[in-house]
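Next up: the structures, one after another.
The two complexes that follow have chain A in common; it is paired with chain B in the first and with chain C in the second.
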Partner chain A sequence: MFEARLTQGALLKRLLDSVKELVTDANFDCSETGISLQAMDNSHVALVSLSLRSEGFNPYRCDRGFSLGVNLNSLNKIMKCAGNDDIITLKADDSSADSLCLVFESPVNERVSEYELKLMDIDQEHLSIPETDYDATILMPSAEFQRICRDLMVVSESVTIDISKDEIRFTAEGELGTGNVKLKPTSSIDKPEESITIELGQTVSLQFSLKYLTNFTRGTPLSEQVMLCLSDNMPLLVEYKMDIGYIRYYLAPKVGDE
Partner chain B sequence: MGLKIEEVKELEPKVVEEKVQSEEEIDTKNDDGIDAEKEMNAIKASATNLVNLVSTKASDIDWEAGTPVPYAALCKTFEKIEATTKRLEIQEHLTTFFVQIIEHSPDNLLETLYLCLNRICPEYENLELGVGESLLIKAIAEATGRKTSKVKEELTKWGDLGKVAKDSKSTQPTLVKPKPLTIPAVFSKMKSIANTNGQDSQERKIRDIKFLLTACRGDEAKYLIRSLEGKLRIGLAEQTILISLAQSIALKDPGYQNLSKTLKAEELTAAADIVKSVYSEVPSYDIIVPTLLKVGVKGLREDCKLTPGIPLKPMLAHPTKSITEALDRVEGQTFTCEFKYDGEQDGTTKIYSRNLEDSSMKYPDVLEKLSSIVKPDTKSFVLDCEIVAWDPEKNCLLPFQILSTRKRKDVKESDIKVCVCLYAFDLLYLNGESLLQKSFTERRELLYNAFQEIEGKFAFARYMNASNVEEIQAFLDESVKASCEGLMVKILDGQESRYEPSKRSRNWLKIKKDYISGVGDSLDLVVIGAYLGRGKRTSVYGTFLLACYDPDNEEYQTICKIGTGFSDVSLENHFKFLKEHEIPEPKTYYNYDKGAKPDVWFEPCQVWEVKTADLSISPIYKAALGKIDPSKGVSLRFPRFIQIREDKKPEDATSNDQVADLYRSQFRNE
Partner chain C sequence: MGIQSLTKVLGDHCPNAIKSNEIKNYFGRKVAIDASMSIYQFLIAVRQDGQQLTADSGETTSHLMGIFYRTIRMVENGIKPCYVFDGKPPTLKSGELAKRLERKKEANKKLEEAQEAGLSSLSKFLAWTIQFPSCNVFYLCSGDMPNVDKYSRQTVKVTKEHNEECKKLLKLMGIPYVEAPCEAEAQCAALAKAGKVYAAASEDMDTLTFSTPVLLRHMTYSEAKKMPISEIHLNKVLEGLQFSMNQFIDLCILLGCDYCESIKGIGPHRAVELIKKHKTLEGVINNLDTKKYPIPEDWQYDEARELFRNPEVLDPNDLEIKWKDPDVDGVVSFLVREKGFNEDRVRKGVEKLSKNLKAATQGRLDNFFTQIPSNSNVSTKRKLEDKKDTTSKKTKPNGNRGRPKSGSKP
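Our next item is the complex of A and B:
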């Protein structure tokens, strides 16, 4: 038997929102320790990895590990039927799951709705992602990162990120012209969510597709701060941390522009 | 039930380009319209060749038995086929590959066959990929991180999007290389792309194509993109595929290895014959391939038979240039002449055009009429007949052009303006029995017994059993007067009078009015634009845009695209000459449709003589605009280049009034 009850159901909606543009079908892997999802986009350029710890749910029950193959578009349609304040419970039979049951409870009245989503078999390769020491790690307000990506998209399809000890620079060059945004480390004791920090082993300069980055910034509502980790010749890691877990995106850097 | 059509004429303008391509292919490799005898010799040669091979060596790429066939193995085979123009070699490569599949992964044989055919379902199901060039360009750009403008630029340079995709160096590496593609994976993705419609369908198609593209290795991208475009262009004809299918199944027959060399060759030849003839009766690989794998070639005829509901390929007639030529052919045999009606050839309940396209939607009135023409003892049948436009007031036939004005889909019986009459000339299947092996005399008798004529709705084709040139000439004149296309000459009795689906046989001859010298209209037109060539015509102009002259308004009006009638040398000469006259923008006195812009424009500098089979109304050409139809122009069907008219200046070209007259004269046969 699998059952997971989440008091803030809206979180689940936002999570789904941050994944569904990147992948269409994915396996939710359920185990004693929590729920996780890992999937690559169709072009194998980006990867999303989601982890929700069992402690975040109340209650959480999973007797043995199994996978729920879900079409995210269909799941999204059903999630739209949940109210923003609803408590959401996920239920499935872990021995022969052919559907996922979703229960939406309204906190104010007795309204309870229940939906069943048909599951599918998804053949997915699972990548093991090694823990890496990155050359540069940045923490910055997630809204700021979202804005930079959106703004530079006007100029070009790709952005170069240069990181030195005391500056982060985002540069875009396109047919209509160029654009760049510079950020300096700042810290604020009153508002820690607005601080910018750089941890640097060595300077980094890498180019990425803005289409993917803007896609990642759909995770912005999940967290005040976003973490970017970069190393030469390594995929970029973009992480949004939540109380209940994290969502991580990986993106292969671009090579030699035309 | 199955139906067919003899001379489906497609409407402009798509035809031109297709024609260009198919002609190119016929140049070197065998395709449609094959001469039966030549074909037989080719099959025999191929059989002997296979028998003499030391072993049917496996292709270079091997895979584990029971696992899906790697797409790379198919691409390797395509590559070998593309590298040669020798039919024997092509046949050998393909058969060897099929044998390997039958040994390792027989379940993939059907999908492999479809990929070779560049199809995703039987022809009569009419499902198309629906992937245009611009969609592919977008997918290639996104998958490689390149700019669309760059991809387009390369396409103009190479003329082959497949090559562009293959050579596109990706600026966007992947995190991990996807698993290699397999034949079932590629085929099922293609099928799903074809079935994608509705909201965001373009986006979803692009996503699927990107998925396939990123998984491609080496040459795979080239063939994948060409397949998606529906232009495989490796010179692989369906006949070749059918023969390889037959040969590979026969080679794997348990008894085969014990035969002598001579017998082996005979066995392979017979197998090709059986598979081809069964396919023409039941043109569905979905049925034939599993049956072959189960019962082998010998059981095929027993298990796959002409079935109402699966349209068979109609028998085609061999064109002749004169009555005497036709007579020479049938000398010493009993034969008959029939009116050749100009319409769409057809069957029952479900109506299929010659290309086996389902046109039942277009003719609900035909379906409705059927019950009244069928005699009580007739339970099931497949008819070969022609649908012709009919004028119920004057009780006469109307030209094909009228028929083609009928709506193609969702026709409601009450809205029908163009009445049609069905002219039956052959009966292929009656009350559960196939009649293909019977003589024409017998089939005709059964036809007359099973149906009854109703004036203006259903009739038997008019015929006359003549024997000399004068009688036939008189009958031909009569048929032309009755708005028919000409005559069909058919042998009545014996072996040669059997119905041979899909064969362009010399047992049926057509004497068309256009073939008779002097008929067929010739026009003098001005070249005002051109389209860049693709495939073999890369780096020269492949197709040209022609115009007639309107002296009243002093303007040139577009009339057709032309891509037929050119030799490689003449294309080069045209390119050299016209290149000098390219202009960046069309002249203000060019009247053309914005939707049919050529790649380059020319000054009015040269007049070409062009022959055409027919003229038709067209929404995208402007010739004689306002003369025939207030908003549509006239266009040429099947235009053919004859020569340059050095003696004529552009202003001396055929005028819009002359075009209108030519159009009208088509209706003045009475």
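Our next item is the complex of A and C:
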């Protein structure tokens, strides 16, 4: 028996929103410790990894580990039927799950809606992601990151991120011209969510596709701050932390001719 | 050509080994292409009204058309192609080549017959229409035209000039090519094995027998065909058949290859069974009922096997494979002035080449992270997962990059 009840149902909506553009089908792996999801996009350039701890749900029950193969588009359609304040409960029979049951309870009136989503058999390639000590780790307001990506998209389809001790620079060069955005570390005691910090082992300069980065910034509503981790010749890690867990995106860099 | 009914065997025993993919998912991949095979395909397929394309002088240009536009198509999709040309055929292939020559002669003869038949029926028809002018014209179609087409395709031969012209064009386009000492497939496989390229692209299934880790088919097909590329992984083939590489080579010889005869009466199904049971060709021979299945006289299976195991190839590490900027004027003067191509189209094509070769290529995550073999039937076998994962990782040759799941050391 699997059951997970989430009081802020809107969170689930936002989470789904941040994944569904990147992958169409994915397995939700449910275990005693929580729910997780790992999926790559079709061309194997980007990977999304989602983890929700069991403590975030009330109650959470999962007797044994199993997977829920879901078409995210279909799930999204059903989630649209839930109100933003609804309490959402996910239920499935772990021994022979062929459908996922979603219950939406409205907190104000007695309305309870119940939907069943048919599950799929998804043969997915799982990647093992090694723990990495990144050369550079940046924390910055997620809205700022979203804006930079959106703005530079006007100029080019790729962006170069240069990080030194006291500056982060985003540069784009395209046919119509060039653009660049510079950020300096700042800290604000009143508004910690607006601070920018750089942790640097060594300077980094890497190029990434803006199409994917803007795609990642769909996670912006999940968290005030975003963490970017970069290392030379390694995939970029973009992380949005939530109270209940995290969503991580990995993106392979663009490489010049060797 | 290649290995008889190997595709069928793979489909039956290891469907997992074959994946279909769109061409655009291969961006950033370097691919070694069996040039001789491709040129042959172009000569057959690139046609108008059943005739090969020709310049004003009457020379065939189908092969150049094919190489030029299909290469651009690959480059536009971010693929970096490297062509490999055949060298001298191995002596073992002489039997097969003689057979092919015979077939060509036959086809030539039939072509003439068909043309004559077509002509005579045409003249009869003309005489007839003069008598009955209002009659239906559909009669013309029932002449021998399809046969003319069929046989003229069978008479196609790739000449030395074709090869030289293609090499010249590739050089001007800035696309690297390798001249193999012997079989091109073997050289492609060697390049892929050494990690110089991601995969070997050929229609010939024996590229797998030459142990390329990945084989791509339908790479040089035209866009219009909408044929997805099929990607065959050797390790999954071996896993599916539960064969070692040597056993796989023996199986291919038993199925029938270009280098020696096969035993009559043994089809794909029995071949797999026999190798499974007796492990090697020697084992099969010793246990075979020779009355029922006569073994060919002085059967050179051992030589063929040696050819597959240690083919004559250039050491991939000595080869320099570099993509350069195309020589625009060179391509134009060759294709437009000499071969009568449309200048606008050629210029546009070359532009695409230089644009795409310059752009930084998008990397892939598979290059950084290791793949954990996926367990199908996850829901039922979940309990075993941890155990399964660690064991399968141990057997993986490059497992050192992965991280063991639960504290066990690789």
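Going forward, the second predicted complex is superposed on the first by the 256 of 258 C-alpha atoms of A that agree within 3 Å, B and C clash if a C-alpha of one lies under 4 Å from a C-alpha of the other, contacts with A are read in each partner's own complex, and residues count from 1 in each chain.
Simple rule for what comes next: a contact is a pair of C-beta atoms (placed from the backbone, for glycine too) under 8 Å apart; a residue touches a chain by one contact, two chains touch by 3 or more.
Bear in mind that the values here come from a model prediction, so they are computed numbers and not experimental data.
Asks: Chain A superposed: clash or fit between chain B and chain C?
Replies: After superposition on chain A, which the two structures share, chain B runs into chain C.
Asks: Would you sort A:S209 into first (chain B), second (chain C), both or neither based on which partner it touches?
Replies: In the superposed model, A:S209 contacts both chain B and chain C.
Asks: Contact-wise, after the overlay, does A:S128 reach chain B, chain C, both or neither (first, second, both, neither)?
Replies: second
Asks: Please indicate which partner A:M234 is in contact with in the superposed arrangement: first for chain B, second for chain C, both, or neither.
Replies: The second partner, chain C, only.
Asks: Classify the contacts of A:V255 with the two partner chains as first (chain B alone), second (chain C alone), both, or neither.
Replies: both
Asks: I want to verify the contact counts: of chain B and chain C, which reaches more residues of chain A?
Replies: The larger set of chain A residues in touch belongs to C.
Asks: Please work out whether A:A46 is in contact with chain B alone, chain C alone, both, or neither, and reply first, second, both or neither.
Replies: both
Asks: Identify the partner contact of A:E110: answer first if only chain B is touched, second if only chain C is, both if each is, neither if none is.
Replies: Once the two structures are laid over each other on A, A:E110 reaches no partner at all.
Asks: Going by the contact rule set out at the top, does A:D190 touch chain B (first), chain C (second), both, or neither?
Replies: A:D190 sits against neither chain B nor chain C.
Asks: Should A:G65 be classified as contacting the first partner (chain B), the second (chain C), both, or neither?
Replies: A:G65: touches chain C, not chain B.
Asks: Looking at 170-178, 188-196, 260-268 or 386-394, which bit of chain C clashes with chain B?
Replies: Clashes occur only in 260-268.
Asks: Is there a shared patch on chain A that both chain B and chain C touch, and which residues make it up?
Replies: Touching chain B and chain C on chain A: residues 40, 42-47, 125, 127, 158, 209, 235, 250, 252-257.
Asks: Taking the touch rule as given, give the residues of chain A at its contact with chain C in the complex, in rising order.
Replies: Checking each residue of chain A against chain C gives 27, 40, 42-47, 64-67, 96-97, 121, 123-131, 158, 207, 209, 234-235, 250, 252-257.
Asks: Using the touch definition up top, name the residues of chain C that touch chain A in the complex.
Replies: Interface residues on chain C, with respect to chain A: 24-25, 27-28, 323, 360-372, 374, 376, 378-379, 382-383, 385, 401-403.
Asks: Can you list the residues on chain A that touch chain B in the complex?
Replies: 24, 40, 42-47, 125, 127, 157-158, 209, 235, 250, 252-258
Asks: Which residues of chain B touch chain A in their complex?
Replies: For this pair, the touching residues of chain B are 142-143, 145-147, 150, 171-179, 207-208, 210-211, 213-215.
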